[in-house]
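One chain, subunit A, links the two complexes that follow: it is found with subunit B in the first and with subunit C in the second.
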Partner chain A sequence: MRTKLIVGLCVLACLTLAWNIRTIFLHVPDEANQGAIFRILYFHVPSAMTSFTGFFVAMGFSLMYLVKKDLRYDSIAASITEVSLAFATITLVTGSIWGRIIWGVWWAWDARLTSYFICILIYSGYLMLRRAVDEPNQRARFSTVLSVLGCVDITIVWKSIEWFRTQHPGPVLSVRNGGGMAPGMEAPVYINLIPLLMLSLALILIRMRQEDLRHEVDSLRRYAHSF
Partner chain B sequence: MERNFLYLCYGLIAAWLIIFIYVVSLALRERSLRQELDRVKKLVEDSEHEARR
Partner chain C sequence: MNFLRNSLAITYKDLRSEIRGKDTINASLSFSLVILLLFSFAFDPDSDEVREISGGLLWLVFAFASSLILSRSFARELINDCLDALISSPISPAELFFGKAIANFVLLLVVELVCLPVFGIFYNVQWARQFPVLLLVVMLGTWGMTVIGTLFSAMTVNLRLREIMLPTLVYPFIIPVLLGAVQLSKVLIGGEPVGADNQVWFRLLVAFDVVFTLLAVAFADTVLVG
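Up next, the complex of A and B:
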C-alpha cells in the first residue's frame, strides 16, 4: 500500500513538474531587469516553502513525542527533518546561483542568508546528534530541543526581510503583501509548490519505511541476544 | 543574456542533482538495511536452532 502511494506521488509530481516547467519556459516572459535568471525563483521559493513546512511539521511530531512518549513520533520527525534539509539545501544553492548573476557575488552575509545558513547548521547538527546518541529517549528529547530551536530560527528567516533592509529582496509575493509580481508570473510559484510537496511526501514515506526496518533489525537483534 | 540563461541552467541542474544524490543515498541506505535484516534473521534462526538442540 505504502509503495503504491510512493509511486503514485512520484508519478503525479513528475507530471505536474513537467507541465510547470513547460509553462515557466514557454509562457512566462523574461523579467524586465533580471532576464531569464529570475525563473530560478520558481524552484527557489517553493523549495524554501517545502522545507519550512517540513521543519514545522517535524517540530509538531517532536512535541507529540514529548506528550505521548511514543518513539514512533520521533522517527517521523527525523524522517521529515532529513527530507526538509535536502530542500533547504536546494533553496540555498539556487539562491546563491541567482545572487552570482544579480548581485555579482555568490554569497552575502545579510540577515536572511545568514539566518538561513544558521537554520541549515542547526538541522545538520540535529541529524549528527541523532547518530551520536544511542539511547532512544534521550535522543528524542535532544532532537526536540534542536527542532524547536530550528523553528525559532525559521521565524527569524521568514521575518528577516521585513525587519532588516539588507541585500536580499523584500517580500514580492502577494500573500506577504509584496505585490511585486504580475499575476501571471506569480501563479507558477504556487503551482510548483504542489509537486515539490508531493515529492517531499514520497521521500518522507521512503525514509519512514527505513526507520521501520531499523526498528525491526534492532528488535530482532535484542531477541537473538536473549538466547 | 546568454550567461544569464547558462546560470539558470546551472541552478536547475544543481536543484535536481541534490534531489538525485539524496535519492541515491536513500536507496543505498535501504539496501544496507535489508542486508542487515537478512543477516540478523539468519542469526535468530541459528540461535533458535542452537537452543532447541
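Up next, the complex of A and C:
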C-alpha cells in the first residue's frame, strides 16, 4: 500500500512539474529588470515554503512524542526534518545562483541569507545529535528540544526580512505586506508548491520505511544478543 | 521564591567548587589570552581598523572561552555519579539547570571582565568610555550564551563526542545574540552612545534572553530526566 502511494505521489509530482515547467518557460514573460533568471524564483520560493512547512510539522510530531511517548512520532519527525533540510539546501543553492547573476556574487552576508544558513546549521546539528545518541527515548527527547528551539530560529528567519531590510529583495508574493506580482507570473509559484510538497511526502514515506526497517534490525539484534 | 533559593544553592555549590579547584576558570582565561595574542598576527594591531572590528574580536574571544566553561559544567558531575545524585535530590531539574546557568554566567562574566582591559592594553583601545551600557550589553550577551550552552551541556554530557557536539550545537544557536552584542559593543567601544538605529539590537538581545530562558527552563526536565 505504501509503495503504491509513493509511486503515485512521484508520478503525480512529475506530471504537475512538467506541465508547470512548460508554463514557466513558454508562457511567463521575462521580468522587466532581471530578465530570464527571475524564473529561478519558481523553485526557490516553493522550496523555502516546503522546508518551512516541514520544520514546523516536524516540531508538531516531536511534541506529540513528548505527550504520547510513542517512538513512531519521533521517526516521523526525524524523516520530515531530513527531507526539509534537503529542501532548505535547494533554497540556499538556488538563491546563491540568482545572487551570482543579479548581485554579481555567489554569497552576500545579508540578514535573510545568514539566518537561513544558521537554520541549516541548526538542523544539521539535529541530525548529528541523533546519530550520537544511542538510546531511542533519549534521542527522541533531545530531538524534540532541538526541534522546538530550531523553530524559534526559523521565526526569526521569517520575520528578519521585515526587521532588517537588507540586501535581500523585499516581499514578492502578494500574500505578504509590500509584495505584489502580476497574477499570471505569481500563480506558477503556488502551482510549483504542489509537486514539491508531493515529492517531499514521497521522500518522507521512503525515509519512514527505512526507519521502520532500522527498528526491526535493532530488535532482531537485541533478540540475537539475548541468546 | 523556593525556585530561586534552590537554584542559588546549586550556583553556590558550583562556584565554591570552582574557587577551590580553579581548573575551569584558569583554563578559560589562559585560552582567552592565547586567542587575543593570536589575533595580533591576523591583522595590524596598531591600525584604526581595530576599533571597527573590536566588537567582533571581543565576542569571538568570549564565545571560545564559554565553550570551555560550558563543557565542564555538567561533565564535572559525572565523577562518582554526582549528576545522578543531583537529579535524585529534592530539587527540580529546572532548578538544577537554572542554578548551573547562573554559575556559568558568573564564571564567564569574570573571564570577560578580565579580558576587556587586557584587550584595551594589547590593542590600544579606550573601551571604558561607555562602561555602564557596555557592561549591560556584556551581561545580556553572556546570559544568552550561557542559557543555551548550559542546556546543551546537559544534553551532551553523556555522549561519546561531547567535546565536538557541544560547540557544533551551541554556536549556530547563539549567532543572533552574538550579532546583537557585536553591533552594540562596536558602537560603545568607539565611545558613542547607543542611538535609535541600534535599539533593534538591544531588543533582539532582550527578546532572545527571555524566550530562550523560558524554553530552556521548560525543557530542563525533558533533557535531564525524561
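To be clear about the criterion, the second predicted complex is superposed on the first by the 225 of 227 C-alpha atoms of A that agree within 3 Å, B and C clash if a C-alpha of one lies under 4 Å from a C-alpha of the other, contacts with A are read in each partner's own complex, and residues count from 1 in each chain.
Criterion: contacts are C-beta pairs under 8 Å (C-beta built on N, C-alpha and C of every residue); 3 or more make two chains touch, one makes a residue touch a chain.
Values in this document were obtained by computation on a predicted structure and should not be read as measured data.
Looking at subunit A, which partner touches more of its residues: subunit C or subunit B?
B
Just to be sure I read the superposition right, which of the two partners does A:M128 touch: subunit B = first, subunit C = second, or both, or neither?
second
Return first, second, both or neither, reflecting whether A:V217 touches subunit B, subunit C, both chains, or no partner chain.
After superposing on A, A:V217 lies in contact with subunit B but is clear of subunit C.
Could you tell me if A:F227 is touching subunit B, subunit C, both of them or neither one (first, second, both, neither)?
first
Taking the superposition on A as described, I'd like to know which of subunit B and subunit C A:L199 touches: first, second, both or neither.
first
For A:R141, is the partner it touches subunit B (first), subunit C (second), both, or none of the two (neither)?
After superposition on chain A, A:R141 lies in contact with subunit C alone.
For A:T94, select first, second, both or neither according to whether it touches subunit B, subunit C, the two together, or no partner.
Once the two structures are laid over each other on A, A:T94 reaches subunit B alone.
Spell out the residues on subunit C that touch subunit A in their complex, using ranges where they run on.
Of all residues in subunit C, those touching subunit A are 148, 151, 155-156, 159-161, 165, 168-169, 171-173, 175-176, 200, 211-212, 215, 219, 222-223, 226.
Can you list the residues on subunit B that touch subunit A in the complex?
Contacts found on subunit B: 1, 3-5, 7-8, 10-12, 14-15, 18-19, 22-23, 26, 29-30, 33-34, 36-37, 40-41, 43-44, 47-48, 50-51.
Flag every residue of subunit A that touches subunit B in the complex, lowest number first.
Subunit A residues touching subunit B: 34-37, 39-40, 43-44, 47, 83, 86, 89-90, 93-94, 97-98, 100-101, 199, 203, 206-207, 209-210, 213-214, 216-217, 220-221, 223-224, 227.
Enumerate the contact residues on subunit A facing subunit C in the complex.
It comes out as residues 66, 114, 118, 121-122, 125, 128-129, 132-133, 137-138, 141-142, 144-146, 148-149, 152-153, 156, 163-164.
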